[in-house]
Amino acid sequence: MSGRYEFASDNVAPAAPEAIAALARFNDEFMPAYGADPVSARAADLVRGFLDADADVWFVASGTAANAIALAAICRPFDAVIAHEHAHICTDETGAPGLFGHGLGLHALKGPSGKLDPAAVAKALSRPAFAHRQAPAALSVTNATEYGAVYSPEELAALAAPLRDRGLPIHLDGARLANAVASGFDPKCLSKVCDILVLGGTKAGGTPAEALVVFEPALRHRFDARLKQAGQLPSKARFYAAPFVGLLEDGALVRHAAHANAMARRLAEAMPFPVRHPVEANAVFAEMDEAALSRLHAAGWFVHRFLDGSVRFMCSWATTPEAVDELAEALKGIA
Amino acid sequence: MSGRYEFASDNVAPAAPEAIAALARFNDEFMPAYGADPVSARAADLVRGFLDADADVWFVASGTAANAIALAAICRPFDAVIAHEHAHICTDETGAPGLFGHGLGLHALKGPSGKLDPAAVAKALSRPAFAHRQAPAALSVTNATEYGAVYSPEELAALAAPLRDRGLPIHLDGARLANAVASGFDPKCLSKVCDILVLGGTKAGGTPAEALVVFEPALRHRFDARLKQAGQLPSKARFYAAPFVGLLEDGALVRHAAHANAMARRLAEAMPFPVRHPVEANAVFAEMDEAALSRLHAAGWFVHRFLDGSVRFMCSWATTPEAVDELAEALKGIA
Amino acid sequence: MSGRYEFASDNVAPAAPEAIAALARFNDEFMPAYGADPVSARAADLVRGFLDADADVWFVASGTAANAIALAAICRPFDAVIAHEHAHICTDETGAPGLFGHGLGLHALKGPSGKLDPAAVAKALSRPAFAHRQAPAALSVTNATEYGAVYSPEELAALAAPLRDRGLPIHLDGARLANAVASGFDPKCLSKVCDILVLGGTKAGGTPAEALVVFEPALRHRFDARLKQAGQLPSKARFYAAPFVGLLEDGALVRHAAHANAMARRLAEAMPFPVRHPVEANAVFAEMDEAALSRLHAAGWFVHRFLDGSVRFMCSWATTPEAVDELAEALKGIA
Amino acid sequence: MSGRYEFASDNVAPAAPEAIAALARFNDEFMPAYGADPVSARAADLVRGFLDADADVWFVASGTAANAIALAAICRPFDAVIAHEHAHICTDETGAPGLFGHGLGLHALKGPSGKLDPAAVAKALSRPAFAHRQAPAALSVTNATEYGAVYSPEELAALAAPLRDRGLPIHLDGARLANAVASGFDPKCLSKVCDILVLGGTKAGGTPAEALVVFEPALRHRFDARLKQAGQLPSKARFYAAPFVGLLEDGALVRHAAHANAMARRLAEAMPFPVRHPVEANAVFAEMDEAALSRLHAAGWFVHRFLDGSVRFMCSWATTPEAVDELAEALKGIA
């Protein structure tokens, strides 16, 4: 590949060595299929340990599938899910929630740096339901957010409160939960603030696989059938589970995320353009005009303008300090 | 694992060394995501070469997803797909065609050893459409069949003819196409007898990934968006494509399938119970009563009674002659 | 219209005078839309009185919509509904349950004269659920059946018992409930044996409208939104409700059904061909070969061969004794 | 009913005498069901005559169903429909397009008085499609608009042009098409500017029924099955068709709409509050603060604040000059 892709996203990175090694390590014998294997059991245990929670844990192929299946599990088609207007489910999943959720609605709210405002959530829920609209009946929240901000447990609890009061369910998109944790977020709060969680593996250094964590007991019933119908109960399930074993058993998941976060901070410090959002996870957003972005592209760096109009630079476990410094150098030449 | 799983299915096997090696081999640099990477391009080229056909080739996570997305692409909700009553889409996918196809119907036909009868297909199509029923408007055919039989190109052409005459589409479930090819079936006929093909990787020695091959140009439009919405456009697509590179570039796919087929023939020859279906691929079906099956289970061999009432023994790339002989010995002790 | 349609179905009849009169009667003022009008309230009260039950009552445009919405309300897409193989939802609704139910499955059982066998229902429910199949998780029962047989309250209770034991829901398709009631069935048992009921208006002498009766409190939540999304919350709702007022307020619903049933018995007594099913409601099924049916068609009588191979003759509120006698005469000339 | 509902909407009115009379007129004989009756044929002919066009014409129960089925017919789930942000399909149908369209997207655009801007439509279509978003692939336009504005044939042609250039389909929501026609719009242009049309009956003085007009030949295939599966192929179809016969055969449809439009103009002229949108159809929108609206409600007039913040007054065929004058008087007392 000519060109520099490493800041285009955290999914352009290879898999971390712990993930790849685990694939090979568990490849030496016959095992029951469809998740009844010891690798899936071990990975589920590690996820439960990471979250210090009782939960059913499934491993699925993509974050889009995981999110959409989760939303379909907690909503009916005439419900709407409250989410940030720039949440991945609203902007980057081609309507997957509607496909899996049979037309369920998204109730998009604004908020700084991808964060929802508890008052706005409460207000959306307090409006009288009306037969002619899909009424907000669930919450989807993303941590770390699309803009690299991190919610604290207290902030999540405040968002969750008006839903808890009404007995309504909460989904957490944790595609970058590892980055939030590396930034100080305690994942052990999650069983209290959400009913269903997507714990990202892909962006955290895995091969394509995400953990779908079902805390709420009422949602667990026949989840295997739900996944199978959705094409997400893989036969050779060990290969979805193995990278989680590799990443979780010695702490690589958070360690790699901490590295990615550090690289983002290093880039932010060297950034000659204004930085727009708090750099709490692995992303840096810079205010660059079109001419500057074009020069950066011309110099071979693949990054893109994001929904808020700024340019996103995303670090990963595989981003090297040298790459950050080279990028910073290139940016300085352009600024 | 205690117990002997290796004849329970061909998805209980590990991945073949070529597939695992390819995962590691393509893990050393940053690459564009969502299928724009050189590994996906290389794998698609190899698939096209294998089929000697122009086609768009996508790599998805599971056979259930691949089949259901394919059927949704060729049918509308008020259509029905003609398929064998024991086809995987009818019996083992938890209604995935209906979920992805928004209620599309399945029009199940009987036939020996999982094979459809061309006259029955033609008859189903010739009935006048009626607003109150989902009318047959597409065909799904499986090669090798669930019972280990293999269609010839001529047989497929005969099945396809009444659909071709009416401009109706055809899906081929090739979860075990490699076994059919190893048995003499020429895959180069496929672009003529179907519009969309699922080329199985998982059961052929891969990690979880299937190739979705779109021959028909009219179906190719925005297939990436279709897959993304269905949760099947993975970001780190290289890891879905890599096993196909490993399995296709030096012929391992068919070589492994030939081995699996040979193991099935070896088992069939040694089988003390009546063998029910032609052993043309990697499966042996034996007529065993409940007492015999219980004794086999008690001896630690995990196999199960299939839909036709016989007991299925499935071989894979990883089945050893020794295992076959041990199983045959165990069966003789039981018979 | 040349030809004699009156035995083709009970939906070829005009509306009964009470229904038409009610449409005109409630057409003289402005009223709130979407069911908040006094006609809808009055009709709902009459339905509750007819059933002697607490329930939410909605009026929808067609039986197919009513059934499909009801099934979607009680099932998830990975569930299957147990039903008779010849139930209207299985054979005559073009897959509407799958469309509204997002791919939900139908688990068809055989049984004489359209009746389900309690032992077969219990057996279907007792099989272990399996991720790869849509497991039976609800029951749909039709009274009177498609073959004109009528369940007693005790028979329905026996069917319901294994679902009640498991907390699973029950739908009753009452497209011809009026005929069952006219045959002696007590509708006051229904709140105990089902969770959701479709009370047919169209075939009972109404204009196109059916009552959707939701007994189970947990299902009532936002049913208005569910209907609106399904295109079944009409603005001028009074016109769906009015025929029910006309038919229920002075007993016309059952009185007309009793007439239809009597016409069926009159026909059965005069029938020169073997009568196949019990004549407990408004249908007569006769065993006629193709030559005989052709002669009947040639004589101008529109009736058709049904799923069980016999020929169906359906009476309605509008069937006259003279028409029955003329048909009987024609049949005698053919036999 | 206490209170004055007559300006709350045009669906609070009774049916016009021509519609009710037609229901009774066609109620005197047996007729084939499911649209094969002579009343449906006659109504379809009258619709074709009204539009001066070749088309398949179906009669369905509600505008929401008609719109959603039309959109599902012209889009795939990964497509988005361009529509005005305040179009009925976007704001008042509880996500019905997503339910019937299996998650299809809505691409909402702003524009004055409910009208779309051709440049904005063209711009939306000219953006490169991107797998991660539902790309605009169809247009839905409403005439008259929700704000009582009327497009001219030339304006519709300008909106349609960029879709026609790309071979993309167009839906027209004509819930108030009669009002547009009464305002001078020539309905004979419609076969050129759209592929599928909903011709409103309910708001035009009918009982609940809308005509679904399929101009585009490729969309006509098995439309009966599409409707049946959607619960919209009524058995006693004559009762959906009859009001259209009554309203169309002597011009009552447009005559009543002209009256409704005249009442709106009369109200606009007497309106003491600022009128916000052009009064080209049967609606008047007035700028009233909350205190004024409360006083109006207290005086017994049921009207509501609309999406743009103004208060909507809707006239119908049944609105009398006296009622307009009484309302105007009441408003003057409040202003």
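Think of it as A, B, C and D in the order they're written, each chain with its own count starting at 1.
By our rule, a contact is a pair of C-beta atoms (placed from the backbone, for glycine too) under 8 Å apart; a residue touches a chain by one contact, two chains touch by 3 or more.
Bear in mind that the values here come from a model prediction, so they are computed numbers and not experimental data.
Counting only chains that touch, the fewest steps needed to get from chain B to chain C is 1. A centroid comparison over C-alpha atoms places B as the chain most distant from chain D. Chain C and chain D, compared by their mean Cα positions, are separated by 32 Å. For the pair chain A and chain D, the distance between mean C-alpha positions equals 42 Å.
With centres taken as mean Cα positions, chain D sits 49 Å from chain B. Among all residues of chain D, those that touch two or more other chains are 77-78, 93-96, 99-100, 102-103, 131-134, 225, 228-229, 233.
Against chain B, the residues of chain C that register as touching in their complex are 77-78, 80, 91-105, 131-134.
The residues of chain A lying in touch with chain C in their complex are 34, 76-78, 102-103, 129-135, 222, 224-229, 233. Residues of chain A touching chain B in their complex: 1, 4-6, 8-9, 11-15, 20, 23-24, 26-33, 38, 60-66, 68-69, 93-96, 99-100, 202-203, 207-208, 225, 228-237, 239-240, 302, 318.
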